[in-house]
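Below are two complexes that have chain A in common, paired first with chain B and then with chain C.
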Partner chain A sequence: MSAGRPVQRWLTGMAFLLPSILGFCAFTLVPLVLSFAMAFTDWDILRHNIFHHAPVKFVGLENFIRMFHDPQFWRDFGNTFFLMLGLPFAIAGSLVAALLLTRTGRRRAAVGPALVLATLTLVASGLVLLIGGMPEPAVWFLFGTLAATVLVAGVLTGGTLYRTLFYLPNFTAGVATFVLWKKLYNPHSGPINLALAPVLDGVAAGLRAAPHAWAVGLPAVCGGLGLLIIAWQARRLRSEDTDSGPVATAAGALVPAAPLACGALWLGNSAAVAAGVAVLGCGVVAAVAWRRPRRYGPPLEAAAGLGTEFGLALVLVPLLTLLAAGVALGASLPVLARTGFEPPSWLGDYGWAKPALMLMALWAAIGSNNMILYLAGLSSIPVELYEAADMDGASPSQRFWHITWPLLAPVTLLISIMGLINGLQGGFEMARAMTSGGPAGATTTLSYFIFIEGFETGRLGYASAVAWFLFVLVFVLSFVNFRFGNRHAND
Partner chain B sequence: MKRTFLIALCVLTVASVALVLTLPGHQGTAPVLFWVTQNDPVKRETIAVFGQWLAQQGLPPVEIRIDNTGQVKNGTTGEPKALIQGASGMGGDLIDVYLNQMELFQATGMLTDVTDMAREDGFDYGRTYPAVRSDFVIEGRQYGFPRNVDVTMCWVNRDTFARYGIPLPPHRWTIREFEELGRRFIAAANPPGSRHRVFFLNRVWPPTLRRSLGLSTFNETLTRCTLDDPRNVEVLNLLYRWTVEERLLPTHSEQEALAADATGWDSSFSLFASGRFAIIYEGLWALIRLRPKGDLHLDAVEPFNGGFPNTEFGTGAVAIYAGTRHPTEARQFLRFLASEPFNLLIARSSDSLPPLPAYAKTDAYRRPPGHAGEAEVKDAFAAAGRDIGIAQSKSPFVLPSITFRIDTEAIEEVLAGRLSATEAARRTTERINAEIELRVRRDPELARLYAERLAIQRQIDARRAAGRPVPAAWLFDPFHLAYYRAHGWVEPEVKP
Partner chain C sequence: MPTTEPASPPAPSAPVRPPGRFDGLGLHGLMTVLSLLMILPFAWMVLASLKTLAEAGEPAWLPKAAQWGNYLEVFQVIPFLRFGANSLVIAGWVTLLQVFTSALAAYSFARLEWPGRDRLFFLYLGTMMLPGLVMVIPNFQIMMHYRMVDSYLGLVLPPVYSALGAAGGAFGTFLLRQFMLGIPRALDEAAEMDGASKWRIFWDVILPLSRPGVVTLAIFTFMGNYHSFFWPLVMMKTVDKYTLPVGLLFFDSEHGQATHLLMAAVTMSVLPLILIFVFLQRQLIRGIQLGAVKG
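Our next item is the complex of A and B:
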């Protein structure tokens, strides 16, 4: 080999790489460095541009200090985190979708029942349309027909159709999806509210017909269900087979705190009483959960099972809070029903706008790349493990919690880190297209805030400072997640 | 691999050369100007008439192409695309600049100062309505010429009022009359037990309502926000009552829903024509949207007032981009805006009042072909522009788009029940004044202007406290100028 050959090969390689390197430098590296420098200056597009050459002043940490004193920044920071509350549900949804889509081999057996169910749905939808006329029943008809078609086609073609359908949102262009959802959410003519209106009318009529039954029955049912869930949580934590260490058990015992406090407050109690109720509830759960020594294996680490408890808490706390609302609202519902119930103003109401965006994001996230990653993860789990579990008489739940869930932990970790990064950086396109950040800034996220400061008011220095704060936040949270989660994922 | 790479490189090079050769300007001899505006029939006709006008004047032809990407519908928010492109040297040759954008664009230096050329070519600001000058003249310098001069009125659908047996509103009416008539209408149009689907009015413009009570967003010298005033609290409480309690107006969510039913403001016109809005608060251009809705019996009345009748009056101006490669042709276009063919075109189209007031008296404006019955309404708009129209209050110390965003958020928070009117008024004022303080602190030139204005403000305050009139030249806020004149608080003006 000649002495010049490695150099020649290196040059050839660089020639191939050069376009990519130049592109990276021009469109990523230089803007990145520039924005970092801008974060410490008073760069304002009104005064520093191709026509105005006022000297750019170094302002040190002024932009960052201003950011921490800016109420709008904190509001949008809160909005960003609120919207990210949907992340665990999105991950859980992707996992459930992936699990459902891997269930194959029962196609022939399911064809008959599916056809019967589809026919019944179609006939029922048709009857509703025939009796009720247009337009609300037409929506039900549409939904019914769609559901029946998907069901029959899915059963006949196996999992392929479902996989395609679930992945469909990922193919659809963002803005087109937003416009579609905007139509769906329309309070007057949107299919969601057209479908909800008769239901709410029916509920209101039912409440008016039997006010006392509802006033007593609803709180009783909600209260009973709430107690059952709390008891289940205590029993689960107390179980000898649990994988939760002391810290995780304590965290699990705290689950009823917020719902109990909210319920007490809504029932008209003072904050002190509400706090007392919450402490009492948590105390009872903690006392019950004080379990006997573990039957098998070595003692658990203190933080073992914390991730599972956190994930469960994200489901249980909202559910218990809803039930607490049912207890508190029960008595006043018949009074409210006198004037009827209006379907929500999804995008225009301050209270509903954020949940509406979360719902839409959830729809898009369930069938996204997360589902594909889970499908890949599921296919890599050795079948022998399930067969061994079957021979040991494991139930489906035990198979999931002791085989599937632990072996999917690396995938879950990756998905949660990516979700965290996307969640912190996201929300701009959705809010810009659907709500313009409103009402009253309810859906303005940090990325939207950066856009407003940078391109609507021209303060590029300040916008850069917020962008770099966001970067640090993403970096720190991802790092913590990676270090903490990776340890458990690889156990 | 190397051959593939070389082939790809050659193909890309050839494609690039082909692209450059097919760019506008390479095909014909006429220079090509890009006009950042909406792509609608009036603009397309404007371009055609401009071509004819050039030929009549014996000038060489010019090709104008519309660049409508990223245009806003109502001009109330800053448009990032035009700003970013303009500030980075890539702007269109001609730019439509709406109410809130002028200060933003002018501050970047991306607009050409046309004061001298306007004087030479006869499109100086003296040729249009004095009340809209502040929309294209900043600190005495002119940055464009009006393309459409718009005044906002209350459009009344007489058929809707007749359907519910409610008397028509008078041409000039008060807040109390509005409330009384509105309550009667809503009660008649939305019987108990039915969902509320019919509204009295589509929207209110809060600054107009505040002005009718004698309050402006800023003080006389535009150095401080003055919305922490009981009159603003009253306006916010009225908005809450009309929107949430009495349901005379749709809520924000209902407005969103209606806007989602159709593009832009179109939904308002459809609902107005079908009787779901008894009154809509829009400009003359509404006629273009209402004409296709059938034979409506329309009337135009002034916005209801709390003692000082007034309405929005403003203009969308065409400005020349400072980085244009065709300044001569762009200048010709502005000259064309002050010409008879263009003013007759605007008069015929009903897009707005013609930029030159004299053309609002022509038959082309009052009775355009095929719409002879519109004279009464057209006269009402022309009279409103002349008598009660006032331009927006815009401070040089804070961007209008920021003021608008802060004010809108506060109003939405009141309507959502998250803030009391008093708290909202206080917060709005604090936020706007903080923005003023920040901008003045960071811009030395602005700081000097601010100091001068503060000195004037102190003199105004002293004179007003002593009950003495002030010179008109001290009043930089268009509302205060009109209000002081109406109350005789201005020193006698010597007319040249």
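Our next item is the complex of A and C:
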């Protein structure tokens, strides 16, 4: 198509590329090579800088060996993965939000009038508050006005408003909102504990009034819910028309056993671990045997659906673990309730700091680009598929598992890989702005570790080694995710 | 197979899906509750910014009387305008340079044919997988070597190309290339017939037609760099050059108890974002979706 000799075409192409590739070389390629080289040296910011020219020593694998023996590295490695447990919930949340939004989005939008109405109501209620002098009950007036405004504007705009409000936390998420959440989590003056305190007081009062009903009731409810989840999972795995292969089925069958193993490990009870493993093995065997035999081709086909099962397990296992904890702790609740329940001190508490960060991250992640991508994916599913499914009398859950979920698989794969990459190197801003990595290092992630080692202690060589380890990890996990993501996604 | 079924009319007025249990007011009620959860932190932020110092230590939502003076006080306590201007100028320059260089590169990758093009493009793509953290340390070394630490140039140039917190130039090139591939080739061939140069085709045909992509990339880049924290934190030594995220944190530690002032400052740094978003959200969301459908 293009005229001219190859040299001339190359020159033209390069001319357009030049402003980009110069910077690409200077700030990406050269640093890449430099960083790789640094990982094998003892480069220290205190000894090797523009004022000191001490010779940089090549130390071979010493940085990596040191890393594997560094207890802080392993602690932060664990923290990073613990914080990433929120990722499946964030993805599930985005999907649910997108599904709900497509249901509200059918009405024609009347954005203009709705915006005017919303602005007027907000201004009016603000004026009322300012003039009224804001006594304490006025806060309910405020909440009521906000809710009414959102509801009316939402009905008028057919979901556009909800989408805007869902996306807002993600758009503004940065140090500013992290600082805001730090104040929200304040155990004394923050609104979260302000809202929690009466709830906990009510629960404690209820426990004191009827200790035995609660001691029996709570474990019963938790156990019932747990059994319900297990039954649902078993039914899903057994239904003859799931697309998952035997490997995926076995993985899915491990779900009920995992919380047992978790609990046993937590209690440090080796007998319980053994029992858990036994249950686990039996569960897998039973589940695979229980399934109708089917012929499978190559190993990859046998592993089909592994991504779905794995993702689902990441959501179900924490839920089951919590429910199991409810069963286990139920009996001792009345004793605990005698002194009343204190709301957690969130960021100041070793155990609660990570969940607090995860909750905030969830708030910012539900209405993110992931939700927008899911919305785009949902709108590109042909309506005829649902019509055909309706003709065949498909239930809503069948419609979801056989149409929506498989057709969204490419989107899910994309956002889980992106989430993985961001999650592994994330957490720095949050930790720095909210907790400074504390309490006792509970929220120090690998990225924060690299910052401390590289820029506070000054060991740039060591920090580079950790960064490269992280890169290899990102690469391997993305590759595994891509390979076993979902066979629909890879088609 | 010729069907002789009696034409079962497809019931023109029947809804595509039978309305579920949640449709109607119930669904809207649920969405309202969820939306409130999303915006209540912002409501608390504004209310807390209007409290007095004593009220800020109490767990109530509302101040007795709105203290608008807090907002003025922020400017006296910290150089807020300076931080804000730094943030805007730096994010603005990074955006401008990144969008421009990426658009040129994307045009070269999408439309021009030259030897080695695809291999080079894969190299670009490959670097998108690199964690920004790998890049921060050596870039800092380079900046130190050329004595650009604590300079605006050092704060602007590397993030234009490298993913130091926000997405870098490789992502921009990839995104815009996707858009440009979707533009019919007949358009630039027609322009070429008329004797237009490659530059004119780029500037007058391709660039205007990739506007949704350019706008999306610009918003993403601007936001990413406005929020960017690691790189400025590492690079900036003098308070005068702090950006908002770094400045706010400095404020948080120096005046840890002044929640009301901190919240006023946070409000002022979040408010522009909310306004940008409300006005540009349609473009932004369309851009993300177009990119996704093609990508």
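Here is the rule we go by: the second predicted complex is superposed on the first by the 386 of 491 C-alpha atoms of A that agree within 3 Å, B and C clash if a C-alpha of one lies under 4 Å from a C-alpha of the other, contacts with A are read in each partner's own complex, and residues count from 1 in each chain.
As a working rule, a residue touches a chain if its C-beta (ideal position, glycine included) is under 8 Å from a C-beta of that chain, and two chains touch if they have at least 3 such contacts.
This is a predicted model, so every value here is computed, not measured.
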| item | value |
| --- | --- |
| Touching partner for A:345 - first (chain B), second (chain C), both, neither | first |
| Contacts of A:12 with chain B and chain C, given as first, second, both or neither | both |
| Per-residue touch tally on chain A - higher for chain B or for chain C | C |
| First (chain B), second (chain C), both or neither touched by A:169 | second |
| Contacts of A:438 with chain B and chain C, given as first, second, both or neither | first |
| First, second, both or neither for A:372, with chain B first and chain C second | second |
| Chain B versus chain C as contact partner of A:455, first or second or both or neither | both |
| Touching partner for A:474 - first (chain B), second (chain C), both, neither | second |
| Which superposed partner A:26 touches (first chain B, second chain C, both, neither) | second |
| Chain B versus chain C as contact partner of A:188, first or second or both or neither | both |
| Common interface residues of chain A - those touching chain B in one complex and chain C in the other | 12, 16, 49-50, 182-183, 188-190, 451, 455 |
| Of all residues in chain C, those that touch chain A in their complex | 16-18, 20, 22-23, 27-45, 48, 56-66, 100-102, 104-105, 107-109, 112-117, 120, 124, 127, 129-142, 144-145, 147, 157-158, 160-162, 168-170, 173, 198, 202, 223, 226-227, 229-230, 233-234, 244-246, 248-249, 252, 259, 262-263, 266, 269-270, 273-274, 277-278, 281, 285, 288-289, 292-293 |
| Interfacial residue positions of chain A with respect to chain C in the complex | 1-2, 6, 9-10, 12-14, 16-17, 19-21, 23-24, 26-32, 34-35, 38, 49-50, 97, 100-101, 103-104, 129-130, 133-136, 138-139, 142-143, 146-147, 150-151, 154-155, 159, 161-169, 171-177, 179-184, 188-191, 193-194, 363, 367, 369, 372-373, 375-377, 380, 383, 386-387, 390, 396, 411, 421, 424-425, 428-429, 432-433, 447, 450-451, 454-455, 460, 463-464, 467-468, 470-471, 474-475, 478 |
| In the complex, chain B residues that touch chain A | 2, 5, 77-78, 80, 83-84, 87-89, 104, 107-110, 195, 251-258, 260-261, 322-323, 399, 401-402, 405, 408-409, 412-413, 415-416, 418, 442-443 |
| Residue ranges of chain A touching chain B (in the complex, touch as defined) | 12, 15-16, 42, 44-47, 49-52, 54, 57, 182-183, 185-190, 342, 345, 347-351, 435, 438-441, 451-452, 455-458 |
